[in-house]
């Protein structure tokens, strides 16, 4: 079975492009299950209940997030009624929402986990390695889940590769998010886990991480505070498709996706 | 003319692979000028005078470095006698060594600049945007240099893309280093500067950033201090080739390189 | 002559207490020259032109700031017309405002310098050690200033003590700000510079750094985003008085101040 | 009953001064129970089994540590046989050693907890607020401990004051460590917990945090790597004495200590 993942959707340009192109991508890659990271889908900062519904209707089975998850206050209450919206699993006990979900599919149970790194990412959460270790054990041993997809939202390459290697053979795939730039290191690790350090974003192409170029360059030159509005123009959709053996839960292959959508 | 760049060479495995494969790569990509980042070439930490000479003899015209530049003490004095070895240009005035060099070639003067980012990289150096701005102006206006290659050693995608966009049209190419993972966003920006967020490293493939997997995973799980020895086995050489119009100094194209070298 | 310094004034409670008590403190400590750090005087975030005028009228000769200097946008333009308002001197060239000022007094010229640390303080500015070194040289050698007071706004004790030691004998006094907690290490260094790692703030006493206790404790427990309103109730004014020999510019003594003002 | 606490002992000068002066301080302050932070007692970096024994023999009932706890490898195994040596309690489960200890005294059970902050301190540990909350509940409810002393090893004033306020009324005292500079904010909080943001260190007075001045100033000026040897000369012992009502476990008073010991 095939999981299609799309990285951080940025603002309205990102959402529009996803809605327009997702049916075509689903067909093209014969995707059975779609996961989208929506942490920047509301004007670049967080996600609203309305946008969450929009992305689910567009075809996503699960929406993951990241460090921007609480940027829009109204989303906090929405987690109670929408189990397919995830926040990083390593938030402390008692935090609204959940960091994993199991869905029934024609290929059996499919689990999605969302976790957040701790190196150069705020705020400091629980250790993602130990928290996800417990969750993977629970999913596999208690619930008999074989197909497990993880969106690991983290900054550094060392923490991301460390995470992927740590779970090699126990999860189907880990794809990283947060840097908004796709890496070229897709591969299936020796024990069968598909891996990509970062998926890249779904956002305006003439931009810096989806935002207008000039203010950010100005900020780096002068250090003065500026606003960072979302950019416009053609959008690059970035993601990955993982082909998974549903019998074993291990990956056969992983392929990067980059697709240009004109506005 | 064509510049071949290879990212952070890690330890002996990285050096051996570079020496073995560089003649073939040079031929294959019709490279006229070779730049290699050597900041991890001495056991993963810094570079020694001997290794510097080794890499120059292997075919590099210029060696760049990064935050690990001073890890081997003996290198400090070596800068005085080897102008083709660079440290980031935005170290304060009075620091040993230089951050740029101009070489005469059959295509005219070729300049290489090495700079270091400030977001999540230690120690804090001078502003690379303003320092490189002055240097590019000097190279272009005073020395009449058209072909300018920059190795920008930085952690975050925002600082790297911001840097590339800032100098679009004034330098031939910027290739990033430091994360050791190649990104898949190579392109020529609208004003003619070739760009790649990170080149990726030249180091062992079954590794985390060139180092053994287990100790790093253990570190993330337990936080306890451990040693991070350089890994072994097959090496992946990562880099890029930029095709530059010597008349204008602008880039025609940029191509990523990943090449496996068996030990 | 005697300089009275008051640390970060927090919000309306801080301002009210300063205005009420400053005449008494001036009298009590026989202060000839008053410097106040106003970086949190506008609702805890920055300073407005109106508040700047208010603090100058209350008796301050110079207002210093810190990392919160630009929090209120309207202050940017105000620097052009008010030389007695300072922002850290190690902002890059071309930044609005100035980081030092020289005033004529009955004891001769008195200079105040405001600088900002780089360890764990954002954004990254120029090196305060080298920037202030140049400024102290200029003040002493070109302008013949002997009395030089520095407010060094920084996080870590190592950077602050390092700074004080670096300028021992060349400035009259360095008092630190930014942590909002007064340190108990006031002393005159061997070469005659008075020193205090942190002055402490002028803000509500039943608070965390001047802000309400509960939201901040909640934030540390849950990591969830919360608002941090300024607290109320009795105010603690924290600062220091430095007695300086105007002939040499060196300090005779430094005394810490903590004064409770009921609302 | 009275607890005497001494902050981070730095190297041989610190140890010598502690051994020489502790009997006098114990007498002078009528101390019943002595706690010493030893994280820098071995040449400035960590603690050895031998030094641990030395400090216990000198009169300490409990030795606390901090982020430097593992700097000397031989200490790891020592934790198993010495329950009076603590490492921060918020290290993950499975870490060698313990973060709290309960000792029987003539005033009943006395507990000491050692915890570490997460803002600007590496590595990232578990949430000290929730971990200590559980431990305090266990000590009070299960073991009936009333007298609880906490050494909270952290960088920022906000995390330290937040911690003290969070446990106000449930612990006898919290004294902070790590910055090596004593703060002047000692007080008993409204619900009866004695508090001091930082105890200050026990180390050479002509120094930067116990280390030689020149190399550190040089480092700040040039950013070049240097060694930071422990300084010498007269030592300043910094700490606090807390007077506790053994019936309630609440504090009557807290007094700062600074004591000069000539070599």
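Letters A, B, C and D mark the chains as written, and numbering starts fresh at 1 in each.
Here is the rule we use: a contact is a pair of C-beta atoms (placed from the backbone, for glycine too) under 8 Å apart; a residue touches a chain by one contact, two chains touch by 3 or more.
In this text, all values refer to a predicted model and were calculated from it rather than measured experimentally.
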Report summary line: Among B-D, A-B or B-C, the pair whose interface repeats that of C-D, with over half of its contact pairs matching by residue number, is A-B
**Report entry** Selected interface, A-D versus A-C, where C-beta contact pairs are more numerous
**Finding:** A-C
Report summary line: Rounded to the nearest Å, the gap separating the Cα centres of chain A and chain B is 30
Report summary line: Distance between the CA centroids of chain A and chain D (whole Å) is 42
Requested in this report: Mark out which residues of chain C touch at least two other chains, giving numbers and ranges.
Outcome: 92, 124, 127, 130, 221, 223
Report task. Enumerate the contact residues on chain B facing chain A in the complex. Result -> 120, 127, 129-130, 133, 155-159, 161-163, 165-166, 179-185, 190, 197-198, 200, 206, 208-209, 213, 216-217, 219-221, 223, 256, 258
Requested in this report: Spell out the residues on chain B that touch chain D in their complex, using ranges where they run on.
Outcome: 70, 91-92, 94-95, 123-125, 221-225
**Report entry** Of chain B, residues touching chain C in the complex
**Finding:** 92, 118, 124, 126-127, 130
